[in-house]
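In this document, chain identifiers A, B and C correspond to the written order of the chains, with residue numbering beginning at 1 in each.
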Amino acid sequence: MNSRKPLLLLFALVLILSSLPLAAQDDQISMTMWVRSIPFQTQALVDEWNANNDSQIELTVIPSAEFVTKMGAAIAAGEPPDIASIDLIYTPAFAAAGQLVDITEYVRELPYADTLTPAHMELGRYEGRNYAVPTGVDGSFIVYNIDLFEQAGLDPDNPPSTWDEMLEAMRAISALGDDIYGYWFSMNCAGCNAFTFLPFIWASGGDVLSDDYSEATITSDPIVRDALAFYNTIWEEGLVPEGASIDNGSNFVSAFTGGNIGMAGMGNFAIPLFTNDHPDLNFDVFHIPGKEGGAASFGGGDVIAIASGSEHVEEAWRFIEWTMSDEAQIEIYAANGQIPVRLELVDNPYFEGDDRQMTAASALAVGFTPYTTVYNDLFNDPNGPWLEMLQVAILDGDIDGALELGQERFTQIMEG
Amino acid sequence: MTATVIDAQAERSQQEIRRLRQRTLLWLRYVILVVLALLFLFPIAWSFINSLKLPAEALAVPPTYLPSEISLKNYDELTTYGKIGIAQHVYNSTVVALITVAGSVILSTLGGYGFARFDFPAKNVLFIMVLSTLMIPFQSILIPLFVMIVQVDLHDTLFGLALVYITFQLPFGIFLMRNSFLAVPHEIEESALLDGCSSLSILYRLMLRLVLPGIVTVAIYAFINSWNEFLAALIFMSDQDKFTLPVFLTTIRYGIWGDVNWGALQAGVIVSIVPSLAIFLALQRYYMDGLMGGAVKN
Amino acid sequence: MNLTWTQRRKLTGLLFVTPTVAFVTVFFIIPLIMTIFMSFHDWPLFGERAFTGLENYQELGKDRQYRKSLDFTFRYTALVTPPIFILGFILASLVRHNIRYIGVFRTIFFLPVVIGLGVSSLLWTWMLDDRIGVFNKILLDLNLVPKAQLFLGRPNTAMNVIILSVVWKTVGFTMILLLAGLQAIPDELYESAEVDGAGYFRKLIYITLPLMRRFIALALILSVIGSVLSFDQFYIMTRGGPRNSTISIVFWIFNNSFTYFKMGYGAAMSIVLLGILVALTGLQLYVLREKE
């Protein structure tokens, strides 16, 4: 009968297709590693390791906004990567859920354990045990375009140190032309603004969370309102391009490289990009100021950890330890313009004489990182209360409504 | 005499006017149809045109209307895009779709035949149970499905995703196949039964050919729906190597380092549209039958 | 075993439907019961779970975004349905008669239906982009707008352009259903109405619409259910923004279950969604049964 042929063919095809091997197997150790899409030197590290070791690491880059979802699903499925480079802010949540390997004993053996960046070590600790070590150090600060400062008659050697001074500088720069703007923010990117906007609040002595992280202080701390009003002024006066209001972070780094933006919040990870890919960009950096002065920075970046369930804990640690060695820290990190994770190595031949790197690195001294297991739900989630509050306040100008909704949703998440 | 001539003349001219009016209306109808058709085709055509631009031109701000040069570079870039290139994702989508088609066809045919031709205890209860799942949108049971698939280690497997898709197809498939079997006259089967053929061989040798249109319809729906599905694929696949095409395309949209490769995205859109369009165009009649049969005739 | 012919028939029939029934039981009935079970638990994606009774349901009352999502989903449904319907009806009327090439037009209007909603959403996101999107290019070239519009970035326009894209994608489906309805009406009815001097609108109101009632109701309900369950277009085109103004109810379930890892809470919301849907489908079955 003719009718059975197509069905049988189909069956055969399915069987053949589903039995094809997807990847060749061999007996050497092969490990998987995940990293979010932030251009630290992870790829270079993995390449160097794979070239010189029997064990091989397969690196997967996960879009930052999806990292927690993907990681959670992989953990729930019992198939996490062996090694994960995690936004340090998520470590408490993963450690609390028992998803990371306790590496306290390994860390104790490290001769340089005390000089590893404190914020990262702190976030990698849960109930006194270590679960992660730093792998990417990234403080926030403001970059500014020296050429535009000069054209606008501003003194590039004396960058703004208060919000009012920043506003004046933005106005002067925006006045230079139709396509020139004083500032850039990515107002549809939750994480970008935790990184670069929260420090404005901190530097003024305020915060959105209480000291013990038990409650939200959005409506009770007047600085929060002032900071929102400050950014709202920037938007209302047209001191940022209109497209900034919908940027989901794609242009967080690249907007400033166009040469028509006076200032922008930025992180250490971007400096090598600027110096290597945009040698003509004449820029410098200054600390994120408070309302009347002061300085603060978000101690961001990535930590590296081994996921529970990995069958190669020893080998994974061997790789992690190597990433913190003098060799990797100087020849891969510093040589590529990335800040070493060991403080004593900030003084290195590659950074010598580069004031920008030194200022950027010194941001870490005023760096602060919130410690909460619901960080993602509060701040980084594109549908979280943080971004919604910023957009309603800054873009719509409804500061009262924004504060009220922020407080309500923060509280609900922190209680739940 | 003259009066009738005038009457006849008047009638003729009136007929002429009517015919003219009808022709004008017909032309007007065509004009509207053509304009609307162009509007409907525009997004697909525009995507296709842009997929043929050089990658740099596809990123131009503002965009150009027509490519300055025809190039397949965007498709070329797709073959190495991400870690593994688009071929792997086409493969993933194809395997999932084929397992879904095979599973839906086999289960619907067996079940449809059973419900149409046999009497057995609890038949009505079971049939109502199967049909009542039409009322349960899969979106509302995704959470336990995820938990179950993870429990049996089928998370991140193409087979696991296909199982879920087969389930989504079943109520419609059973319903359609039952109707197909009901439409076959009893006499055809009875003579075979008298000859002593087993039920399975009757189904296989005799009935399959008669219900082939129904089978094709079930297969088309299984293919197109699984090929296009997004939400379940997003949830059940976390390994990038296993992403089906729609999920893979959204990773281009968000870009690995934040840059979006719009040219490659359009090439990817075209690659993922073509199979469903081709199948639909080739087997349109069966598709429409399914739409009418599934949605209206019950 | 000695079974009578009837007994063997019964057994065979049961065997034929067993795979299907097993599938439906494992993948529909059990998950449904599990959803109810999970909704009474604090059930994180990984880690310990605990029975919490009605807490998840009480939480719904405190969840500002949940209320917002419910409101948005119904508003979206109310706004997207009329254009789909009106355009669907116009298209169905245009392609009703078998004039030459009409099959080609029917096919063209239906084509977007077989494209995945995910893929079509990506396509429209790109066309609507403020910098490289073709809509802004055309509007600017025709001097219809002073500067590029951020269609998806403004709460008031985001909804409208998403509706536009969904109408394009789904109107063909409604067209075919309504076409079937139109074609089921005998031509003689119109002819005798014309003899009585009825104009277009009188024929529409007294013949077409009443006789198509069942088809209209069916298309309406299918379209409403589809809209209530929508996710892809919001996840892809706006990611729920701006100001979280386009987070549909399925989107919020997805977020809570798979991003915030609160699967128990997600399950509770699913139960509410299921209630809404069962009511709508019940309505559908009622309408379909009416005539038989």
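Following the convention adopted for this analysis, a contact is a pair of C-beta atoms (placed from the backbone, for glycine too) under 8 Å apart; a residue touches a chain by one contact, two chains touch by 3 or more.
Everything numeric here is computed off the predicted structure, so don't read it as measured data.
Interchain contacts join each chain to each other chain, per the touch definition above.
Among the chains present, the centre nearest to the common Cα mean is that of C. Between the CA-based centres of subunit A and subunit B the separation comes to 41 Å, rounded to the whole angstrom. For the pair subunit B and subunit C, the distance between mean C-alpha positions equals 15 Å. If each chain is reduced to the centroid of its CA atoms, subunit A and subunit C end up 38 Å from each other. Residues of subunit C in contact with two or more other chains: 131, 258. Each of the following residues of subunit A touches two or more other chains: 65, 73, 76.
Annotation for subunit B: residues touching 2 or more other chains are 146, 235. Interface of subunit A with subunit B (complex): residues 1-4, 7, 10-11, 13-14, 17-18, 22, 37, 39, 60-63, 65-66, 70, 73-74, 76-79, 249-254. Subunit C contributes residues 44-47, 59, 62-65, 130-131, 147, 150, 152-153, 239-244, 247, 251, 255, 258-262, 265 to its touches with subunit A in the complex. Across the complex, subunit B meets subunit A through its residues 83, 91, 94-95, 98-99, 101-102, 105, 146, 150, 153, 155-156, 158-159, 204-205, 208-209, 212, 235, 238-241, 251, 254-260.
Subunit B makes touch with subunit C in their complex at residues 26, 29, 32-33, 36-37, 40-41, 43-44, 46-47, 59-63, 65, 106-108, 110-111, 113-115, 117-121, 123, 126, 129-130, 133-137, 139-148, 163-164, 166-167, 170-171, 174, 199, 224, 227-231, 234-235, 245-247, 249-250, 253, 262, 265-266, 269, 272-273, 276-277, 279-281, 284, 287-288, 291-292, 295-296, 298. Interface of subunit A with subunit C (complex): residues 65, 68-69, 72-73, 75-76, 97-99, 188, 242-243, 245-246, 248, 376-377, 381-383, 387-388, 391-392, 395-396, 405, 408-409, 412-413, 416.
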